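As written, the chains take the letters A, B, C and D, and residue 1 is the first residue of each chain.
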Amino acid sequence: MTVMTTEQIEHFLDDVFPQRMGSIESIGEMTATLRLAIGHQHLRPGPRVSGPTMMGFADVALYVAILAQIGPEPMAVTSDFNCHFLRAASGDHDIIAHAKLIKLGRRMAVGEVQLFSASDATRPVVHVTSSYALPEKP
Amino acid sequence: MTVMTTEQIEHFLDDVFPQRMGSIESIGEMTATLRLAIGHQHLRPGPRVSGPTMMGFADVALYVAILAQIGPEPMAVTSDFNCHFLRAASGDHDIIAHAKLIKLGRRMAVGEVQLFSASDATRPVVHVTSSYALPEKP
Amino acid sequence: MTVMTTEQIEHFLDDVFPQRMGSIESIGEMTATLRLAIGHQHLRPGPRVSGPTMMGFADVALYVAILAQIGPEPMAVTSDFNCHFLRAASGDHDIIAHAKLIKLGRRMAVGEVQLFSASDATRPVVHVTSSYALPEKP
Amino acid sequence: MTVMTTEQIEHFLDDVFPQRMGSIESIGEMTATLRLAIGHQHLRPGPRVSGPTMMGFADVALYVAILAQIGPEPMAVTSDFNCHFLRAASGDHDIIAHAKLIKLGRRMAVGEVQLFSASDATRPVVHVTSSYALPEKP
């Protein structure tokens, strides 16, 4: 069961993480979908979407999926981040992130993200697995 | 044996990757050291250095170490990127990257990077292992 | 489209990799499901299934998924292997592996595996992402 | 400062993990070196040392490095395990593991391991980065 709406999460992130990338399309049970409009600052020569852009955006997507489950917590900290780059992503299209939590424990959350170019919904361009240390409850 | 000087690498990167982070402090046999001056765009609330900043900077550092060994090749592509976040890095200090190639093969390079805050040279804040697909020689 | 049947893959593996763990339950388009009957050699104190057992079994499952797509190739070599341990797996139940290829390229395959205890089909005990260098075609 | 001797660690492991691979050559401040004598059960066709053997041995080496620092704790649990396979390791030689802790925190330890064939001390065959959840102190 999610405990925050899309609007509540965006509002919370405007406070604690205003410079984040992307916007939320939808949230669900242990999932979140985000969209990133590509600007000049996200590109490498090609032009294609840069690696750091994709890693940063995937990190935001998992953070959103965690927030939707545990509520407004500024303290979730990325612990490890494993990324496979599968294909080049053209700079001409938005990037879509599908994040899914694999485990939501007391101390740790683990999730995966698939990033797609908006021009091809079948073949992911990046796959991420990442874990997050959760704040300890008092 | 390195085949490019620090100046040659910076000049090459100005052409193919002008928006990269950081500057080269030194290169050596299979190694590179870079420094990143922290600006507002690199920060998360705290303020501390953001995860995507550290991942992007580590990626640049390994690319520099590869260039120093194989010469000007715009085509090395990050294949996978594994990152452990060890400690928060204050936004008040530069970040130093020590990159080291573990393997430099014909088709693949693998390297690791340790990132330090300039305020503490003994305890890394981030550890990265990453591999790169190298261009095939004709 | 798969190019080998379950029986052909098991027969091929009997030749090139007789000491492998587990048996194939089914193969599909870019997927494979395997089952491992747990014996004394797979256990740690608890008793629970040991980490190396789970990593070795996940590796077999992805290799089977690759074989089903590319045909009998003894030369696929694990390039990197990223594993998250999510929950302890009791030694009293079989382990089930669901492997799925995320990318099948000319030089590289990338896949993920979820391992479940046969006693709980909803919560994975291990999540793996791995890549494989494929033999170059003449 | 280490709090257990090599003999104390081997004795402790004989109790809690008798089926482990390898033996301790030395321990140091945040480090451990182990040796694995290769037997038939560790081989793949070639013959070369199998991937699961190398992953299991690296896991033991990091566990030993942790024990040397925190004392006899059967409860350290592997949380994630990232492995790059760099070169084939001939089955004709022992495997040497050099483990080093990168971070030893209150809740989490992170370390890396380089595995070498005893026939070549300069080029690692496997590189591992892994993290461990530590038992909570009462």
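We adopt the following convention: contacts are C-beta pairs under 8 Å (C-beta built on N, C-alpha and C of every residue); 3 or more make two chains touch, one makes a residue touch a chain.
Keep in mind that what you see is a predicted model, and the values were worked out from it rather than measured.
Engineer: Sort out for me whether A-C or B-C is joined by the greater number of C-beta contact pairs.
Structural biologist: A-C
Engineer: Considering chain C as a copy of chain D, what rotation angle in degrees (nearest 5) results from a C-alpha superposition of the former onto the latter?
Structural biologist: Going from chain C to chain D via C-alpha fit gives 180 degrees.
Engineer: Per the centroid of Cα atoms for each chain, what is the distance between chain C and chain D, given in Å?
Structural biologist: Each chain's C-alpha centroid was found; their separation is 23 Å.
Engineer: Roughly how far is chain A from chain C, centre to centre by C-alpha average, rounded to an integer in Å?
Structural biologist: 28
Engineer: For chain B and chain C, let me know how many angstrom lie between their CA-based centres, rounded off.
Structural biologist: 33
Engineer: Mark out which residues of chain C touch at least two other chains, giving numbers and ranges.
Structural biologist: Expected reply: 79-80, 82, 84, 131.
Engineer: Which residues, counting only chain B, touch chain C once they are in their complex?
Structural biologist: Contacts found on chain B: 79-80, 82, 107-108, 131, 133.
Engineer: What does chain C use to touch chain D in their complex?
Structural biologist: Where chain C meets chain D, its residues are 16-17, 19, 41, 44-45, 50-53, 55-56, 59, 74, 77-85, 88.
Engineer: In the complex, go through chain A and note every residue touching chain C.
Structural biologist: Going through chain A, the ones touching chain C are 82, 84, 86-87, 102-103, 110, 112, 114, 123-124, 127, 129, 131.
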